[in-house]
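Same chain, two partners: subunit A is paired with subunit B first, then with subunit C.
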Partner chain A sequence: MAEIKESFFSADGLEKRLAGKKFWKTMMTEYWIPKDINFLWAMGVVLATTFAILIVSGIFLLMYYKPDTALAFDSVNYTIMQEVAYGWLFRHMHGVAASVIFLIIYIHMFTGIYYGSYKKGREMIWLSGMLLFVTFSAEGFSGYMLPWGQMSYWAAAVITNLFAGGSLEAWGLVEWIRGGFAVNDATLTRFFMLHVFLLPLVIIKLIVVHFYTLRIPHVNNQSSEDIDYDAEAEKYLAGNKKESKVIPFWPVFLSKDFAVLGIFLIFYFYLVFFNYNFAMDPVNFDPANSMKTPAHIYPEWYFLWSYETLRGPFFDMFGLKAGDIGLMIFGFAQAAFLIIPFIDRDPDILPAHKRPRFFIWFWIMIIDLLVLTVYGKLPPTGANAWVGFYATAVFLLLFASMPFVTKADAKARGAL
Partner chain B sequence: MSNKTNRRDFLGMSFAAVAAVGGAASLVGMKQAWDPLPSVLAAGFTTVDLANIDLMPGKPQIFSWRGKPVFILLKTAEMEKFDGDLVIGDNRYTVNIGLCTHLGCIPAWKKDGWKCACHGGSFNANGQQTFGPPPKPLVVPPFSLEGTVLTLGQEGKESKAMIAARA
Partner chain C sequence: MRELKILAIVVFFTGLLYWGVEPFAHTKLHPHVPAPDYTFKDVDGLNGLTGDATKGAESVASNCTACHSITAVGFPPVMDDVTSAASYGVVPPDLSTSGKIYNADYLAAFIKDPAKAAKTAHKFEDGAAHPMPAYNWMEPQEIANIVAYLQSIAPKEMTNKEVYVDACQRCHSIKYGDFYGGSMAAQTPDENIKSYMGVIPPDLSQMIRSRSEGFLHEFINDPQKHLHGTAMPRVGLTEESEDQVVNYLTEVGDSKKAEREALAGPFLGYLVIFAIFALLWKMKIWRQVH
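For the complex of A and B:
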């Protein structure tokens, strides 16, 4: 370390010690973003902002919430909702943001799939992003338990039961996770800890990793063009802003982001004030009762598609029990999108509309996920059970066919 | 030179060994902190006197045991006789933990069997699965019988016989 003579109490001295200007340049004013992007590239900043809203509203809820089975329900539905000034607002902001953040995560994810932003140098971005998705799912699940209503309790019972592994009957593992024979006070308190401390900590670290993995390969663009960032940056810095294909992250790119963010926040606060009910299931306003299952148990909308793969196979096949098959598919569905970079055999990065077969694959995937989502909410009887079965089969076939679909596109283009 | 390298290697391996033992010991401790507490394990017995509960034939009652619902059904004369039935005099009973063996929802009684609302699984009056994803019959809780008094949580020959018949 070079000795620094400038006073600690001077701007110059601080700059010498921390090199803030250099850091700001690297992270902001000389972090280059392609010009050829659209509003879908703003989802990262939208997500970061929504996460910040969740943290702030969560802090206010935390000051009155009581993680005890005897007190939890009233601390939410009486104390926070009726006594605490603006308690209702913080709860609705938290609930709606938790729901909406999954909508944005899905848009963010499928933007990446559409434009091929997960491959050939960008695998780490994709993997860290998918880990964030899994951790956010755990965060959403653990948070849903806290109001200790009927849906909280039974979602907790059903999901912790998954860890018995069907016919493996690992009940010791389930009782360990719950800290008892059934979902109980110990379960509520430990999931409270996960929700307000451990999982947010992991999420924050993963966000840092996600940003870091993006900094070196740079963000993809609409035509998936391979940009020479050094050359384009030089043009921009020399004043040829029009010819340059890039813009700095700050202030140019973020000003675009803030415009999209503004529209998003209007939509979000519209939901918070006028349509919060979609995130507040009426069943969860009955206190938890271990002796009575609600007539129909379903997860929040963002888990419905994977939940439907769980119950899709409703009869025994291949010498396996229906429930075990469902559990295997469900397990696969959680991690399925992680493997996309490794089963895409097209050597080029191109948007889906330039990969005709993949384009069809992509839209079948979207439609299939929508079908799974809709039928995941319906009772699994009669024709519904069959729709669920076939939609689950299509989901698996899509992953099985991806290597061949992507290879066929590359061959037709002459790239292979 | 090689002398020095060996010393470094030894230090490195010693450090790794100490860290591994310490890490493993901490994991065991952390694992045990999440185990069910002794008080939870101890509060595991519930008694039901079948003579005193006004059980109507064909209409099961629900009792709470270890935070789980237990169904006790007095079978009607029309219901099929089953080896696993708990027989007291002329009465035949079915005893189940009332949690679907698929994912643990509580099935509801519908006329002659249990139906689960979560994923559509069905069980007959013997507690055996008849439709849907449940991989096995409803679980029989460990219980023992003295006269007409059931003690849930205490394994007896009656519950063993019922479990054996269902498997």
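For the complex of A and C:
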């Protein structure tokens, strides 16, 4: 280490020690992003902001929340919602952001799938992103239990009970997760710990990893063009800003992000003030009651599609019990999108509209997930059960067909 | 242009998703029921009779006050709540405000046959009797007189809370109405109400959030429509009184509603200004690179 002679208490001395200018350059003014992007590229910053809203509102809620089955419901619905100044605002912000962040995650995810941003060098971005999705799911699920309403209790009972399916039962897994034979105080306190400590810690770490993984391969662009970043950055720095195919993260990329963020925040706060029931289910304003099963138990909307794959196979097949098949498909659905980079056999990175068969695959996937989501909420009776069955079958077929669909596109293009 | 096209697609699918999991799913989960009927057309009520309040006063004194208090005219409760709940199964209502909060036809029909008017006859099939006996032996004119008397002594104005107390509190607690004092607990003790109703009726603190306002009106007006076979009686509130009950549930369960609605404007206004400036700044920056 070079000895630094400048005083610690001078701007120059601080710069020598921390190299703030170099850091700023590396992270901001000379972190290059393709110019050919649209507003979907702002979803990362929208997500980061929504996560920040969740952390800040969560900290305020944490000051008054009581993780105890006898106190939790009132601490949320009386103390926070009615006594604490603007407690209701923080709770609405927290509940609505928790729901909206999944909408943005899905948009972010399907943007990646549409533009082929998961492959050929960008696998790590995809994998870290999917790990974030899984961790956020756990964060959402554990948080939903905390108000200790009817849905908190029964969703927890139903979902933890999944770990009693098949041969898992013999291992006593469900009791180990719950800390008892039924969902109880121990379950609440451990999910509280997960929600406010362990999972946020993991999420923050994964966000750092996610940012790191995209630094080297760079962000994809609208036409999936392969850009020579060094050459284009040189052009930009030489003043040929209009010709250069890249822009710096600050201020050019972020200026667009802020504009998108502005519009997003109007939408988000509209929901916070006027339309919050979709995120804060009314049923959860009934206190948890282990003796009274609600008429309909369903998870939050962002879990519905995978929940429906669990219910999809409602009759025994291939010598297996319906419940076991459902559990296997459900298990697969959780990790299904992780494997996308490895089952895409097309050697080129191209947006879906330049891959005709994959384009159709993509939109069938979107529609199928929508069908699964809507029917995941409806009672699985009569025709609903069959819709769920076929939508689950389509979901599996889509994954099974992806290697062939993508290969066929590549062949037709002459790339294979 | 392309951005707008993409935005249209995102908005379309987000809208479709929202429609599917909210309005559409809710029509499937909560079947539609007929709108509340505040005229109580189905009951055998006054049938057009006009009562004489003075004569009604005598009938009330000789038929009702053995069990019911009427504090407004000097008939105090004969027993405390615990004792009367133990005696009758449920604390009998004070009749001071009945003439105002209950529909007159309903009131007449209730006096004639309480279980039938309240639509709780299914609770009394196995020999159990409604705590209040039926007065179907009484002349319809005399019943009309009683109703006229109850109307004559009823107050003209009541607060939302007063209506709630008289209409609901004999069976339901509403803890958040007096969180630290506990004065809003049900008047009938848990053990009595449980044996009378089969379950402890739910605390109403958060009903305004857990049920929609529309649902509450449909349910209070006729509980059987949404919850067939429920032990909760149809109580026969007038439309005005029912509004007051729902308003009280809002005051207690959603006490920050006014603050929320008042804050929305400035909040969203600020964000619109932020968005405009962000957009202008973006255009300024991007002009250099396009």
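Here, the second predicted complex is superposed on the first by the 411 of 416 C-alpha atoms of A that agree within 3 Å, B and C clash if a C-alpha of one lies under 4 Å from a C-alpha of the other, contacts with A are read in each partner's own complex, and residues count from 1 in each chain.
Note that a contact is a pair of C-beta atoms (placed from the backbone, for glycine too) under 8 Å apart; a residue touches a chain by one contact, two chains touch by 3 or more.
As the structure is a computational prediction, the values presented were derived from the model and not from experiment.
J.: As a test of reading the superposition: which chain, subunit B or subunit C, is in touch with more residues of subunit A?
T.: C
J.: Answer with first, second, both or neither: which of subunit B and subunit C does A:Glu175 touch in the superposed model?
T.: So A:Glu175 only meets subunit B here.
J.: Considering only touches as defined above, state whether A:Ile247 meets subunit B (first), subunit C (second), both or neither.
T.: In the superposition, A:Ile247 contacts subunit C only.
J.: For A:Phe39, is the partner it touches subunit B (first), subunit C (second), both, or none of the two (neither)?
T.: second
J.: With the two structures laid over each other on chain A, which partner does A:His296 touch: subunit B (first), subunit C (second), both, or neither?
T.: A:His296 contacts both subunit B and subunit C.
J.: Looking at A:Ala322 after the superposition, I want to know if it touches subunit B, subunit C, both of them or none. Which is it: first, second, both, neither?
T.: first
J.: Can A:Pro379 be said to touch subunit B (first), subunit C (second), both, or neither?
T.: In the superposed model, A:Pro379 contacts both subunit B and subunit C.
J.: Looking at A:Ala186, would you say it contacts subunit B, subunit C, both, or neither? Reply first, second, both or neither.
T.: first
J.: Is A:Ile364 touching the first partner subunit B, the second partner subunit C, both, or neither of them?
T.: Neither partner.
J.: Could you tell me which stretches of subunit A are touched by subunit B in one complex and by subunit C in the other?
T.: Correct list for subunit A: 295-296, 379.
J.: If you look only at subunit B, which of its residues touch subunit A in the complex?
T.: Its residues touching subunit A are 31, 34-37, 40, 44, 62, 64, 66-69, 101-108, 116-120, 132-136.
J.: For subunit C, which residues count as touching subunit A in their complex?
T.: Going through subunit C, the ones touching subunit A are 2-3, 6-7, 10, 13-14, 16-18, 20-22, 24-25, 28-29, 175-176, 179, 202-203, 205-206, 209-212, 255-256, 259-261, 263-264, 267-268, 271-272, 274-279, 281-282, 285-286, 288-290.
J.: Which subunit A residues qualify as touching subunit B in the complex?
T.: Per the touch definition, subunit A meets subunit B at residues 154, 157-158, 161-162, 166-167, 175-184, 186, 190, 290-297, 310-311, 313-314, 321-324, 326, 379-381, 385.
J.: Help me check something: in the complex, which residues belonging to subunit A touch subunit C?
T.: Going by the criterion above, the answer is residues 35, 38-40, 74, 77-78, 81-82, 88-89, 92, 103, 107, 241-242, 244, 247, 251-252, 255-256, 258-259, 261-263, 265-266, 269-270, 273-274, 277-278, 282-287, 295-296, 301, 304, 366, 370, 373-374, 377-379.
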